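Labels run A, B, C, D, E and F following the written order; every chain starts at residue 1.
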Amino acid sequence: MSDLQLVPGNSLRTATPEEGRQLAVKMARLVIKLTQPDDEKRRQQRAIYAENPMMLIAIGQTVAAEFATIAAANNYWRDRPDAN
Amino acid sequence: MSDLQLVPGNSLRTATPEEGRQLAVKMARLVIKLTQPDDEKRRQQRAIYAENPMMLIAIGQTVAAEFATIAAANNYWRDRPDAN
Amino acid sequence: MSDLQLVPGNSLRTATPEEGRQLAVKMARLVIKLTQPDDEKRRQQRAIYAENPMMLIAIGQTVAAEFATIAAANNYWRDRPDAN
Amino acid sequence: MSDLQLVPGNSLRTATPEEGRQLAVKMARLVIKLTQPDDEKRRQQRAIYAENPMMLIAIGQTVAAEFATIAAANNYWRDRPDAN
Amino acid sequence: MSDLQLVPGNSLRTATPEEGRQLAVKMARLVIKLTQPDDEKRRQQRAIYAENPMMLIAIGQTVAAEFATIAAANNYWRDRPDAN
Amino acid sequence: MSDLQLVPGNSLRTATPEEGRQLAVKMARLVIKLTQPDDEKRRQQRAIYAENPMMLIAIGQTVAAEFATIAAANNYWRDRPDAN
């Protein structure tokens, strides 16, 4: 196992849904970094993702799955004073 | 991380299931926009999705996953006065 | 965003599991319609799905995901007087 | 929409986990039947599934998803007198 | 429907997470056996899985899905005296 | 079934989200090890994953699914004294 930190801040709690979504994207990317630690290769792969419609969809599915967990962890941000 | 806002309105709450579904579609699209920020390329890719049966199905799976979270966040809209 | 209504009846509540399953199928199809609004093209694509074993399986996965949300929204129809 | 019944018995409740699993398999198959109503073609497709490792895995994922909903609907069969 | 038993022991309850994981693997395999009942063919297919990275990943996704249900059925083994 | 232990420590409980994420990665890898027990072959396959964008995404989906279960098992680490 690498020394890479996989959960930024070691917490699933975020102040807002937007921050939760950003965390979902980061956590998805960190698993890819764990498997492919070479920064230059990941940069090249990102260019491939961006041009490939099926990969773009698959990335969307990954982020949706991570976000489902983060949203549940934050009780869907229902307790925010300004939550409508 | 980009400045793109990934959760429109920074809230998962919507007044109705229909609005929740529309939000699921928007959130799915915004992750794609994050990975492929070029508007013209995304326009071209949408034409590819629309002609490709497997991609259409995969988009449906993504929207279903996003909607599952949004529906839970809204307690399935059970509290609506007109919910049957 | 189109004017297409994505949640028929704007409600996830149904009287029975069977109606909930039918709603899951409709909601899955409406996302495809949103991405491919041309009726004739969708008709042609349905013929492709029907002949392609992997696509048939993938459609099944989509319906399963939609149904999971609808079933939860209806508290799994536990409150039905005739639920066994 | 066809007249095909998609939820056998119009109920997600089953007496045992085994019956719940059998229901999951049936519900997965009925969605395929909805999309490909021709019995002879489905028979041919089943022969294709059986020989294709990736399709076998994908069928397993579909059944797992259907079963997750059925298991939740039955409160995981915790209330059975003989549940251990 | 075959006579194959799909849920070993007809119960989702296990004493430990390890046994729950083993059950997830068994349940995933039994769905494959239902679709491909020929023992020799399944033996050959296992050799194919083992050499194919994408299939190995897909098997992992199936086991993860089965395990999610089993873990919930066991209330995540929180009630074990020695659970930490 | 092999003697391979599939749940390290035979527990889903971890002190922190980071440890939970590391456990998700380990559990995902152990299922692959169960199917492909040859260490040298798995080493070669890891090199394939690392170069293949679609496989990297699929690994991310597997980890997300395992983590969802582990996070729920730990009640999303809400009880940690330092949880914000």
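Following the convention adopted for this analysis, a contact is a pair of C-beta atoms (placed from the backbone, for glycine too) under 8 Å apart; a residue touches a chain by one contact, two chains touch by 3 or more.
If you're wondering where the values come from, they're calculated on a predicted model, not measured in any experiment.
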{"item": "Shortest walk length in steps over touching chains, chain A through to chain D", "value": "3"}
{"item": "Where chain C and chain F overlap in contact partners, by chain label", "value": "none"}
{"item": "Greatest separation from chain C - chain, by CA centre", "value": "F"}
{"item": "Cα superposition of chain C on its sequence copy chain E - rotation in ° rounded to nearest 5", "value": "120"}
{"item": "Distance between chain centroids, defined by C-alpha means - chain D, chain E (Å)", "value": "16"}
{"item": "Separation of chain B from chain F, taking each centre as the mean of its C-alpha atoms, in whole Å", "value": "28"}
{"item": "Distance from the mean Cα position of chain E to that of chain B, given in whole angstrom", "value": "32"}
{"item": "Multi-partner residues of chain F (at least 2 other chains)", "value": "49, 54, 58-59, 61, 65, 68, 72"}
{"item": "Overall pattern in which the protein chains touch one another (line/ring/star/complete/other)", "value": "ring"}
{"item": "Residue ranges of chain E touching chain F (in the complex, touch as defined)", "value": "16-18, 20-22, 25-26, 46, 49-51, 53-54, 56-61, 63-65, 67-68, 71-72, 76-78, 83-84"}
{"item": "Interface residues, chain D side, partner chain C - complex", "value": "1, 5-7, 10-13, 27-28, 31-32, 34-36, 38, 41, 45, 48-49, 52, 54-55, 58-59, 61-62, 65-66, 68-69, 72-73"}
